[in-house]
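Okay, so subunit A shows up in both of these, paired with subunit B first and subunit C after.
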Partner chain A sequence: MERYIFYIVAFIMIVFAIASVSSRKMLRSVVYLLFVLMGIAGIFFLIDYNFLAAIQLTVYAGGIIVLMIFSVLLVHHIEMELEVAKISKQLITGLICLAGLGVFLTTIYSHEFTVVENSISTTTTDIGTKMLSYEAGGFILPFEVISVLLLAAMIGAIIIAKGEKLEDGRQETED
Partner chain B sequence: MIETIHNWLYSTMPQGVASIVEMILIALAYLGFFAIAGLFLVLMERKVAAWFQLRIGPNRVGFYGSLQTMADALKLLSKELTGTAKADKFLYNLAPYFVIISALMGLAVFPFTKDIQAFDINIGIFFLIAISSIGVIGILLGGWASNNKFALIGAMRSGVQAISYELSIGLSLLTMILITGSLQLSEIVEVQKNGWLIIQGHIPAIIAFMIYMIAGTAETNRAPFDMVEAESELGAGFHTEYSGMKFAYFFLAEFINMFIIAAIATTVFFGAWLSPFGITESIPWLGVFWFLGKTLVLIFLMMWFRWTFPRLRIDQLLTLEWKYLLPINLVNIVIMALIVWLNLTIKF
Partner chain C sequence: MIAGISIYEILTLTSILFFIGIYGFITRKNLISMLISIELILNASVVNFVVINKYLYPDMLQGVFFSIFIIAVAAAETALAISIIINLYRQISSVEVKDTEIMKY
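And then the complex of A and B:
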């Protein structure tokens, strides 16, 4: 049964991915993209990797898509439609996409996948201990580096949002 | 009874079909129960509102008005579905389903008794947070697709509110996860056999509970945080253009979300189906009554908020979240971690 569910989810994802790039209404594209991202979460659920599925839902569906919808709400009017690109541009994009797909498929099919007989679901405890372990195979260094990077991004965002101060120390009127 | 249905299904059908049929039956049971429970929550809200305002409230249909909301639902079903001519029809029609489906999905993971739990996933709480973060998309889409300025402003406010307060909900629940050491709801209940978490975690747990209830009220867009549909400024907010059954979906989703917020609080802070001091431990099915009883008390608390506090402005709302709740929450997590580390939790 899982095989059929996988094919259904994959089919939905492909249909919505195509719809997302071909729709001429901006917010509809975002919603189609949301369905694709939910499909990915569905596949994570299917392989019993619940934690990553929930992360996918919170970060991508709940976070990034909401931010995208926000920016669309701010700049886009309901009657506006996106322009259709020139034929030459469409062709070039199509060719590049096909080339990318070819690279993906050759790598996937040239790889020898080993079938795991009895699957185990990954628990948050496993992920947590792996993340903080400093022994061989632990991920403490990337974890810390990413947290420093995020801190830097946050400070950068605050500084950009704060705006510049004028020479005589007054804040800009926009603040 | 559940056991006999289960056995009957597996004896008459092949295994794959039987499991699918079983899933559908469970889903239908939940759907039916919570659609009707949602209606009675609406009735409870109206009765509580009447009580706080020294009125009588609905009292004509059925015994003391008990069937009033049923009649309202039937009326909404039969009403015409209106829409605006220049709306984005696809998104306009999609939005209510987003809201109601994400609300209903959350219900699956609650442990009503030791045995009644549809989906005991190992990330329980986190799954609930993930699901609740999707519901807001429905509100944003509905507000934008209506092509109505009030609806758009309402939707934007809702988005800002949901994104900010999700943080507080997540962090206050994380404070409690420090004691349980597991995200799985059944294990969280298991830990509470030595005393409910609000007693085990004493001071930081009570602070976390207060923050959770404030953030939960904001997350469900209820007064005093109902800028989303502030009648005096925005008409009906994001659902101005919806009528009939689609409006009913938004309305029902709001009440189911309220139930979910209260049910999470029951599970995490007040021991879910465990009875106080284990007085009914020998009768396991009574757990349902304890769970629903505790949840209803918390729902009553949220209704009490609504009729007690005046509505905040949007800037006051964001100040409350980012300048007060979030820093308190972060300090609270550190205190809780210290308490768990030094074994200062109270256990019976």
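And then the complex of A and C:
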């Protein structure tokens, strides 16, 4: 049963990923990306990492996609069609990507993975305890660093997106 | 683990997603479309981390932490990139790659 669900999810993800990089309407492309991200959350649910799937859904589907839709609505006319690359460029890029995919797949399939058969289910408690532990192997320092990074990115985004108006006005008066 | 699915099939899926992202990154000419392709690439790597953790080292959690950090960095990167794009649109009224040729105005 899970096997068929995986195949369906994988098929949906690949189709929507291709649609997302080849659609000529900006907003549709963002919505196709949303379906790909939800498919990835579905894979996380299938391999029993519920916490990660919830993070994927809230951060990506709830945050990043909404941010992108906002920016698309701010900078585009909704009916405008994107210009596409030349056919020759598309063909060459597609061929190079197929070659790279071939290299990847031959490497993966020629490597012998030592798979451990298991059905351990990870709870959120495990993740939280391990992430905030001070002992060897704990992740408290990267956790703190990433919180500072998020704060800096938030302030930087606000300043970059908002702060230029004043300087423009000043320059205009100087001119 | 997913019953009946080996690690090879999931790695194949993530490789395909990764190269679709690279294809989009090279062929698209719009900044927001390139950002979408970057999201595809990052998500493929996140799934790789999680799947290798689950299939090969099931009693450890390092892959999960790395994917959480990747998701956090991707969120920060997207917020910054979109603020830069909006700022750029205010100044040159375009988000095409060919129009952005000056780093500092």
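Everything below uses one rule, namely that the second predicted complex is superposed on the first by the 138 of 175 C-alpha atoms of A that agree within 3 Å, B and C clash if a C-alpha of one lies under 4 Å from a C-alpha of the other, contacts with A are read in each partner's own complex, and residues count from 1 in each chain.
As a working rule, a residue touches a chain if its C-beta (ideal position, glycine included) is under 8 Å from a C-beta of that chain, and two chains touch if they have at least 3 such contacts.
Only a predicted model underlies this, so the values are computations on that prediction, with no experimental measurement involved.
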Practice problem: Have a look at where A:Gly63 lands relative to subunit B and subunit C in the superposition and call it first, second, both or neither. | Solution: both
Quiz item: When the two structures are overlaid on chain A, which partner does A:Leu34 contact: first (subunit B), second (subunit C), both, or neither?
Solution: first
Quiz item: Counting only touches as set out at the top, which of subunit B and subunit C does A:Val15 meet: first, second, both, neither?
Solution: neither
Self-check item: Touched partner set for A:Lys25, first subunit B, second subunit C, both or neither
Solution: first
Practice problem: On the superposed three-chain arrangement, identify whether subunit B or subunit C touches more subunit A residues. | Solution: C
Exercise. Considering only touches as defined above, state whether A:Ala54 meets subunit B (first), subunit C (second), both or neither.
Key: first
Exercise. Could you say whether A:Ile43 touches subunit B, subunit C, both of them, or neither, answering first, second, both or neither?
Key: second
Quiz prompt | First, second, both or neither for A:Thr123, with subunit B first and subunit C second | solution = first
Quiz item: Should A:Ala153 be classified as contacting the first partner (subunit B), the second (subunit C), both, or neither?
Solution: second
Practice problem: Share the list of subunit A residues that count as touching for subunit B in one structure and for subunit C in the other. | Solution: 1, 51, 55, 63, 70, 72
Quiz prompt | Touching residues (chain side subunit A, partner subunit B) in the complex | solution = 1, 25, 27-28, 31, 34, 50-51, 53-55, 57-58, 61-63, 65-66, 69-70, 72-73, 78-79, 121, 123-125
Exercise. Spell out the part of subunit C that touches subunit A in their complex, as residue ranges.
Key: 1-13, 15-24, 26-30, 32-33, 35-37, 39-40, 43, 46-47, 50-51, 54-59, 61, 64-65, 67-69, 71-80, 82-87, 89-91, 95-96
Self-check item: List of subunit B residues in touch with subunit A within their complex
Solution: 16, 19-20, 86-88, 90-91, 94, 121-123, 126-127, 129-131, 133-134, 136-137, 140-141, 144-145, 147, 152, 155-156, 159, 162-163, 166, 182-183
Quiz item: Mind pulling up the subunit A residues that touch subunit C in the complex?
Solution: 1-3, 6, 10, 13-14, 17-18, 20-22, 26, 29-30, 33, 36-37, 40, 43-44, 46-49, 51-52, 55-56, 59-60, 63-64, 67-68, 70-72, 74-76, 82-85, 89-90, 93-94, 97-98, 100-101, 104-105, 108-109, 113-120, 122, 126-127, 130-131, 139, 142, 146, 149-150, 153-154, 156-158, 160-161, 164-165
